[in-house]
Every structure is written in C-alpha cells, then in structure tokens.
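Both of the next two complexes hold chain A, though its partner changes from chain B to chain C.
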Partner chain A sequence: MMKKEKKPALITWIIVAVIYAAVFVAEQVLPPTSMLFTVLKKGATYALVAVSMNLLNGFTGIFSLGQAGFMMIGAYVYGIFTIPVESRPVVYQYYDGGLIQFTVPVVVALVLAGLAAAFFAFLIGLPVLRLKSDYLAIATLGFAEIMRVLIQWNNMGPLTNGSNMLRLYPSFNDFNIKDASGNVTVYLSTLVPFLIAGVCIGLIVLLLNSGYGRALKSIRDDEIAAEAMGINLAHHKRLAFCISSFFAGVGGAMLAMYQTTVQAKFFTTAMTYEILLIVVIGGVGSVTGSVLSSFLFVAASEWWLRFLDEKQMIGNFEVPLLRNGFRLVVFSIIIMVVVLFFRKGIMGTKELPDLFRRKRKEAAK
Partner chain B sequence: MSLLKVTDLVVSYGGIEALKGISFEVEQGQIVTLIGANGAGKSTTLRTISGLVRAQEGRVYFEGRDITDYGTQKIVETGIAMVPEGRRVFPNLTVLENLRIGAYLRKDKEVIEQDIEYIYDLFPRLKERSWQLAGTLSGGEQQMLAVGRAMMTRPKMIMMDEPSLGLAPLVVKDIFRIIQTLKETGMTVLLIEQNANAALHACDYAYVLETGRITMAGTGEELLSSSAIQEAYLGKTSK
Partner chain C sequence: MSELDVKVVPDVETAGETVLKLEHLTMQFGGVIAVNDFSMHIDKGEIVALIGPNGAGKTTAFNCVTSVYQPTKGKIFFHGQEIGSDKLHMTPDKVTAQGIARTFQNIRLFSGMTVFENIMTAMHLRRKSNLFTQVLHLNAEEEKANRQKAWKLLETVGLTDVAEEMATSLPYGKQRLLEIARALATDPTLLLLDEPAAGMNPQETDELGEFIVRIKKEFDLTVFMIEHHMNLVMDISDRIYVLDFGKPIANGTPEEVQQNPVVIAAYLGSEEEVEEA
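Let's look at the complex of A and B:
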C-alpha cells in the first residue's frame, strides 16, 4: 500500500482544535446575548443533521426527504425523557402530568433520541428502501408528515403532550457552570453543541473512511457492479438509512436544546428542504462542505441578512423594498446564484485534508 | 470433473424465455467463450450464473457443488467473479478504492495488500493511476481495472461480459492480451463476445448461442473453419 500523507491530517486536526479553542474563548469574553452564539449553536446542530443527510443522499445515493421526521422523533424523545419530574404537571397540564414519570441523564437521552429515530428508520426502511430515487423521496416525505400528525394526535397526549409544546427540559444554557449564587463562572453553552456535533460527525467520517463507507460509495456509483462484487445492497442501504437517521435524531435533540421548546408543527417539510439546500450548497458528497455551508446558511438567514427586514434610512431617503420578509427574497436569489454558478457546491466532493494535499497531477509529473 | 457445469438452464423474463435449456461446461484453466448475436441469451447466462437472475429450471454446478440457489454474495465467495458488461467501474472512487471494493468480502488483510501489488504488477498502468478517479480513465484502462477488481475477489473463475464492447480496435487487442495474461496465471475464464473472430482466436473451447439455444460447440479452430460460423458471424460468404 502507498504511504498515506500525514501532514494534511495533522493540519486538519490543528484547525479543528483552534476552532474549538476559539469558540471556548469567545464565549468567555463576548456577551452571551451576541448573535454569534445563536449562529454557532444552531449552526452546529444543522451541521450534524446536514452531514447525516449527506451520508445518505451524497455518499450512498439514497434520495431521502425524511430528515425533519427523524429530527422530530429525536427532539420528542429527548424532551419526553429529560423534563424534570417536578415540572411535568406544568408541561403536561392537559394530560395529568403525562405518562412517563422519570428522567434520564442528558447523554443517555441523546443516545435514546438517536436510537428511537434509527428504530423508526429500520421499520420504515423495510418497505421503502425497495423504491428508487423520486419514489423513495416521496415515501420518506410522506413518512415525516405522518409522524408529525401522529405526534399531535390527542390520544398520544400523555406521551407527546399532543399539539402542546414540550418545555422546561435541560437546554444548552444549562451546561454553563454556575457558582452558588447563580452567576455563571464558565460558559459552555456553545462549546457543548460543538462537542456533541463534533463527536457525531467524527463517527460518520470514520464510517465513511472504513470498508463500509467504500461499499456505500460503490452502491452510489453503480448498484449492479456493487452487487456483482458481493455487496449486499439491501443490508447496506438499510444500515446507511438507520445510521443517518440515528444522527438526525441526535440532531433533533440538539435542536430541541437550542430552541428550549419542542412543538411538532415546526418540523415541516420546509425544514428538510433547508437541510437539503445546505447539503447541495456545501457539496453533495463532502462532509466539510456540509459543515461549512450549515454555518454560512444559519449566519445568513439569522444574522447577516436581518437588516433587510427593517426599514433603513440613508439620510432622508428611505431605501425601497426593505420590509418584513424581504430577507427571504434576497436569500432565495443568493441560493439561485449558488445553484447556477457553483453547481458542485462550495467544496464539490473535496474534504478539508484534500486542500492541503498537493494536486495528484503535479505530483505525478 | 469440470470447474463449471450448467445443465438444461431455462430462464425467462416476464414470460419470454431467454434461455430455452442450455448445457455447457468449463474446464479448469481454459478460456471458454459463448458467442452469439444480440438477444441470443449470452448475458442472461452470465447473470444467472452469478445469481443476479433466477433460473426457472436447470442447475449450475461449480466444483461439483450445486450453486443454483445461492445469493450473489455467496457465489462471489465461492470463487466466481464477474466483469460486467460496459466495465462498470465505480467512477467516483479512485483506482485503489475500486480494487479494495473487489476485496470487500475478504478478511485476510495482509494478503489483500499483496494482491493489490500483484495486480499493479500485472497492469502497471493502474499503479501509475492509483489515486485517479476511475471515471477519468480511458476505456482500456477501465477494462483493466474491471478485471483487476474482479481478481481482487480471489476467484477461481472470471466471467467477462462483452469486454470489447465500445472500444477501439487497438484497445480490443489490448483486452485480448489481458485475457491471455489471465490464462497464463492459471485463471479460468468464461468469456462472452460479439466479436466472434477475436473470441474464437483467443479461446480453447467455444459455444454458439442462438435465440436461447446452443447450436454448435467446438474448439476455437474448429468453429473458425466451420462455414456456418463464417457466414453467420465472421462476415464471409461461402462461394
């Protein structure tokens, strides 16, 4: 085997370490109300979900649109198992405090959220993964919609609180370390989502670089040839579907922590499309691209383009068109430009370490 | 005992019989070819042997074992590798990754590394391009890669479906050189070809397939000198 270049991997590790350190320091120094942290927290959440979607759509070639559904399952499982028992009568006020009267630690709840999503993915995958391309997309979309209605069903109330929101469970802010009088001594509310997303994305990257990952990519490239090589298509597709859904579930739980409330009606198809957009803009088949574009997308939609929604005056002149909702118009145009002129997305299929590698052709000459 | 034995194989797609009961044998270490026109059932035969299509009737024996009802994965493990029609390398994976996919079912890590080196020795061109995406290779190189990938499964027999399809005449020569190389390594090859001339020159034994039936069989030279073959497949008119 050829020797692997060590240097690009090392540089990548250093960059990742610097980013984490910068996040930690920024959080101690800057006021916690800064928009930067909103973007970072939501960005980390979306990054995980986008990478999980890329695992399926970009690396395995399964075009699924069920992401919001699996996120919702994750968010609900997280909420249901972590609301403190003493708060349950308040949250489940219409359902006598709800069915479940215990809580589990946050980490356990995160894993449970993923497992629940993966379990549903397994069930739905049995019939649905026999379908291809568009049909599969429609079926998974339908599944997400059905789950959303099911969770809001009144008879599910004791478990899911029906169409009412879940709240009062531990959110990102509860990770801040406080002293006895309640003042925050160490801020961790942004570092924690970074850590969760980092570990999960790291696991996905490990999977993609393993023999399994290669098998998934070969299925994407050519199903018949992959089968001729002895790769069990059904088994590998199901595996990819379950793993992707697991991490979508964890991402859903993170979104629940970020929002501090969970309500089924927010997990719409539009959310799946947002994530699909992130994947496409970042580059279908690039983990780095998905992560980058998640932060860009969240920053643009939550922060940088906010000014477009308010009236702006230049001297006595009122800038036309700027009013509530105009931001979304501009945003749509940006997306169109990206899709038209950067068809392969920001990264194409390249990853971070690839950027530090000499180009093969040059090396061969 | 022959390595591969097919008896009275019947296969139909949606009511149409593609194979109407064919029988043939492949001996260890030989190149055996099936020739025939489009729709004669050549590809169906290969797909049935490799488990991608199910047979209605008839049996397939490999090393004396009945493998008719095995799944694709098990057939690959048994030692039959397939080079599919149109090469079908994985275009977005590198040459090296393509080779590793070939070894997907194998657990013997050290031997895999040796085998990769062995294939690089056999096809030095692949070594030069080891980090290139397979989709960027030329047709001939892709065919080398498809053969190399099939060899990575450590097969006892390689089946090749129309390896010369869509390639320039010079490249076709290369392909048949590759097949000859395979034979020299002791490999058994079951070859399917429309290019009857080249296939008959390369093979030890040949079967002629016509609309789902075997109509003729013999050594390459025998068939090359047969007037029926010359008329039907070699474009020579008997005068």
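Let's look at the complex of A and C:
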C-alpha cells in the first residue's frame, strides 16, 4: 500500500498556525488604525470569495460570473437579520422601521446568509447549469444584475431598505473585547474574520480532498468520461454551484461587516471581475493561490499603489501622470503582464503542501 | 458494393444467458443513418467483437448502449431490463450504475489527476457515504477499502510504479490500460472496449489479448469490444458481428465470419469491383 506523506501536511499546519498567531499578536501590538489591518480584513473576506469562485471555475470547470450577486444576497441577509431592533427605525426611516423586527446571533446570521445565497443558486441553477461556458457566464452575470436591481426596488423596501443603505449591524470592530468603561482589552477584529474565512476555506479544502472533490475535478477534466464513470453531471454541478454560492454568501456577509454599511449598488459586475482576477492571478485550480493573491490584490489596490492616485514630489520635480485614477491604469498593466507571461498564476494548480513535497523530492536526488 | 446493396442479416439465437440485447437499433443524425436496424445479443461470459470498416457505425452503437445517444428506433436491454429506446430517458451515469463500463476510442482520462486518482474517481459511484460524512472524513473505512481496491486494480494492469504520475504523462499503451482499470473500478458486469489495441504494436496487442481474457475471468465479466486488429479479434472473440454502412452484414464465430464472402467484400471490395477498378 502507498504511504501518505505526513510531513508536508504538518508543515502546512505549522505555517497556518504561525500566521494566525502573528495576526493575533500584531493586532494587540500595532495601532488598530494601521493600514495592515484593513488589508488583512478585506483580504480574508476576498480570500473566501475567491476560493469559492475557484471551487466553481477552477475545480468544477463551470465558468460562472454570479459571485457578486451571491455576495450581495449574503450581505443583505446578514444585515437584515442582525440590525438591532432599537436601531431599525433609524435605518429603515423611509419604511416605518422595516418588516423584520427581530435579530439573530451573528453566527446564525452568517449561516443564513450562506443558505440564502445557496437557495438562490439552486433556483438559478435549474435552468442555467444546462448552459455551457460563455453562455453560462452571461446568464449568471445577468442574474447578478437582476438581483441588484430587484433589491433596490422600492416595493422591496420594507425588507431590503430599497436603495438606501443598511447599517448599524455588528461589524468586525464589535468582536473586540471591551472592559466596563469601553476600552478595548483584547483586539479580535482581524482575528475573527481570519477565523471565519479559515473555517470556510478549510471546509472547501476538505470537500476538494473527498470523493466528491475528485468527482468535481473529473467533470472539469472530461465531462463525457466523468459521466461514463457514473458521475451524475447535473447533480454534481448543482452541488458545486450551491456550495460555491453558500460560501460567496458568507463572504458577502463578511464584506458587510468589513464595510459597516451595505448598499446594493456596491455589488457590481466590476466586483465579480476583481474576484475573477484574483483567482486567475493566484492560479485557476489552487486554493493556496487564491488566498495568496487575495491578500496581494487587496494590499496593492488599497495600500501599496495608493500613492499613484496622489501628486508625488521628488525634490522639486512633480512626477507626471499621477492623479486620481492612475492606480487603476497601473493595475491594468500589471494584469496584462500576468495574463500574458504568467498564465498559470502564482501557484498554477499547486497547493501549499505540494511545495514541501517538491522540495523533499529534490533534496532526495 | 454501395450502401443500398447492403442487406441486413438477422441475429442468430444462442443458448447462453443473455446479458445485452439490441433489438432493431437505429440511430439517425439528420439524413445520415449511422446505425440501421442492428439486432444483436451477448451472452454471459462471452467476448463479442464488433467489426466493420471505418465509419460503419460501431462507436455510434456503443454510444447508444451507454446512452450517450438516445436511439431513433429500437430497444436495448441489459439483463432483460430496458436501458435504451426512443422513449426512455437515460443518462450515461445511470447506465454505468447498472453495471456497464466503457473505454473510449480517443482516450479520455482525467488529465488533471494522477493515475491513482483516476481510479479513485471511478469508485465515487459505488460509495455509500454521503457528502457530509465525506467532507468531515467520517468514512475512513470506506476510503481505506477503496484505496486498497484501487491499488489492487493498478496491480492487475501493472501500473503501480506510476500511481502518482499524472495520467496524461503515461505512454499511450499504459493510458489504454489505465482506462480499462478505471472502467473496472465502477464494478461492471459488462465491459465495453472501444478499440483497446489502437496504436499498439503487434507484441503489445498480443499482450492485450491475454490481458482481456485474464480480466474477464478474474472479474467475471462479459466483454463487448470494437477492434480493427483482426488477429486480436479472431484470437479472443467467441462471436463477431460485422457492421457496414450501419447495417449488420454478418455474425457468427470467427471462423464463420472469416469465410463469409459478404464480409470479405466489405473489407476488400468485391471481385467485380476490383476488376472494374
């Protein structure tokens, strides 16, 4: 019998543990306004959504562009069910305090957000998953747009607050533990999103490593052969679509917590493209790649490339071209370079444990 | 001989227990009749070959049996149960679940997976565990049993040394063997082989013949194969069906088919035609 290598898995666990410990320590030591935490929070959120998209696009071979739509559903469900009852008259000021007059715990709301997204995925999947490649992408894209308009519809106001924003629900900062006088004793506002994303991505990895994961990959590799091996295509595609949407919904709820407000107009097609970009840069078919590139992408767009949007002086010389929006130009160039010269992305289809396996083999030679 | 001259030869009954039965199978694509009024049967434990010139409709017949296509006319029975007709809505995965496994003429391995994973994937169908027990890895026993079974299958086809290689990095002949092993992993009772010896040299072809006979015994199979290597077909087949222009033009034991003038004409052209040319 084959022996399973234990060591790469162990190293991976150690790396993950170190990262979590580092995040926890950094949060206690550094000032909470540091840009690092913005990046880490948003990065964790995008990592989850990117991995969920990779599950569909990279591992099952279904090219869907509905991610922003499912995130929006998740964000709204989270917001709707967690705004404290006493704050509802303020938030729903145009709709008499709204329809729903109860709240559920945050964890329950997160699960509900996922379930709602999965439920819509199931309904949409019935007709849409019969389509192939580009047609499927267009149909899912259309769905996301329809949902965005529907949520802003005035008649939906008592539930979704129409085109007004949802706010005052628990955000990441509410996870900090405070003493009686309101001073923060333990900072958890970055660790908690890391934990949520970690658990969700862990579940996706477990799924990918199970028999079902292999079945999904077989559909990606060769639909005809997969079906001939007894894999029910419709059933497994729907399953992947619903699970992916579930985690996109949870990711949407996390984004709502990160932003502290939710508004439908924020969840545009551009957001889906951002996530698609993360998946492609990270490597289509690599969970590790998606996670890595999420943080890199968020860091670059929110932090490292910010200077491009402002006037910069070197001595007396004003650097030309730098003005609001130039960041996006540079970004586009980076993307083109990646797509042209690094088509496999950062990781290709490799995962974190594979890296150590490779090294071991080379060392043995 | 032109298409119109081809006469349908009826199936001949045999004594054994029928596993697969085709009744007047017809498959039409627009104006093209790929398979035309094809009746045949396979008895338990037989190796039956389907031969014919290129474009005769052999693979189309396979695709009808495995429900890749829905027949235009006719019926297909597996162990007496209807698995294909113009009315019955079947999908390939359901046919496989019934116990029919196949290989493909143009190899269709899962390219993004290792040899071992290819076999494991084919066992997904027979798993008892559900999504939740699998994701939470509560099915350790089943997983272990499956891994052992996959390893045994690799031993059967002699691919244990390349178990961790990517499937598509194997040489052609080994890919064919892997396809057979993958088909066996679905626990079939009837194995359909679509040109298993394509691209193999004579020695490999001989070995393949022995291999097919061996796995037939070991896994208690019935084998239905399409093949162009006549030596292989004549060596191991119990009976042969011949298709030409989609119509069955002959059937019988290898000796009978070899002597049949209609078959010879179909393959070589009739004497008159040769003279005319």
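By definition in this document, the second predicted complex is superposed on the first by the 356 of 365 C-alpha atoms of A that agree within 3 Å, B and C clash if a C-alpha of one lies under 4 Å from a C-alpha of the other, contacts with A are read in each partner's own complex, and residues count from 1 in each chain.
One rule holds for everything that comes next: contacts are C-beta pairs under 8 Å (C-beta built on N, C-alpha and C of every residue); 3 or more make two chains touch, one makes a residue touch a chain.
In this text, all values refer to a predicted model and were calculated from it rather than measured experimentally.
Applying the stated clash criterion after superposition on chain A shows that chain B and chain C collide. Within the superposed three-chain model, A:Met313 lies out of touch with both chain B and chain C [touch as defined at top]. By the touch criterion stated above, A:Ala225 is placed in contact with chain B and with chain C alike. By the touch criterion defined above, A:Val107 reaches neither chain B nor chain C.
Contact with chain C, but none with chain B, is seen for A:Ser210 once the two complexes are overlaid on the shared chain.
Once the two complexes are overlaid on the shared chain, A:Thr349 sits against chain B and chain C alike. After overlaying the two complexes on the shared chain, residue contacts for A:Leu239 are found with chain C alone; chain B is out of touch. Common to the chain B and chain C interfaces on chain A are residues 1-2, 211, 214-215, 217-218, 220-222, 224-232, 285, 349. Residues of chain A touching chain B in their complex: 1-2, 211, 214-215, 217-218, 220-222, 224-232, 285, 349, 360, 364. By the touch rule above, chain A contacts chain C in their complex via residues 1-2, 203, 206-207, 210-212, 214-215, 217-218, 220-222, 224-233, 239, 285, 349. By the touch rule above, chain B contacts chain A in their complex via residues 50, 52, 71-73, 75-77, 82, 84, 88-93, 96-97, 100-102, 104-105, 113, 116, 128, 130-132, 149, 153. For chain C in complex with chain A, the residues that touch the partner chain are 66, 68, 91-93, 96-97, 101-102, 104, 108-113, 116-117, 120-127, 129, 131, 134-137, 143, 146-148, 151, 163-164, 182-183, 185-186.
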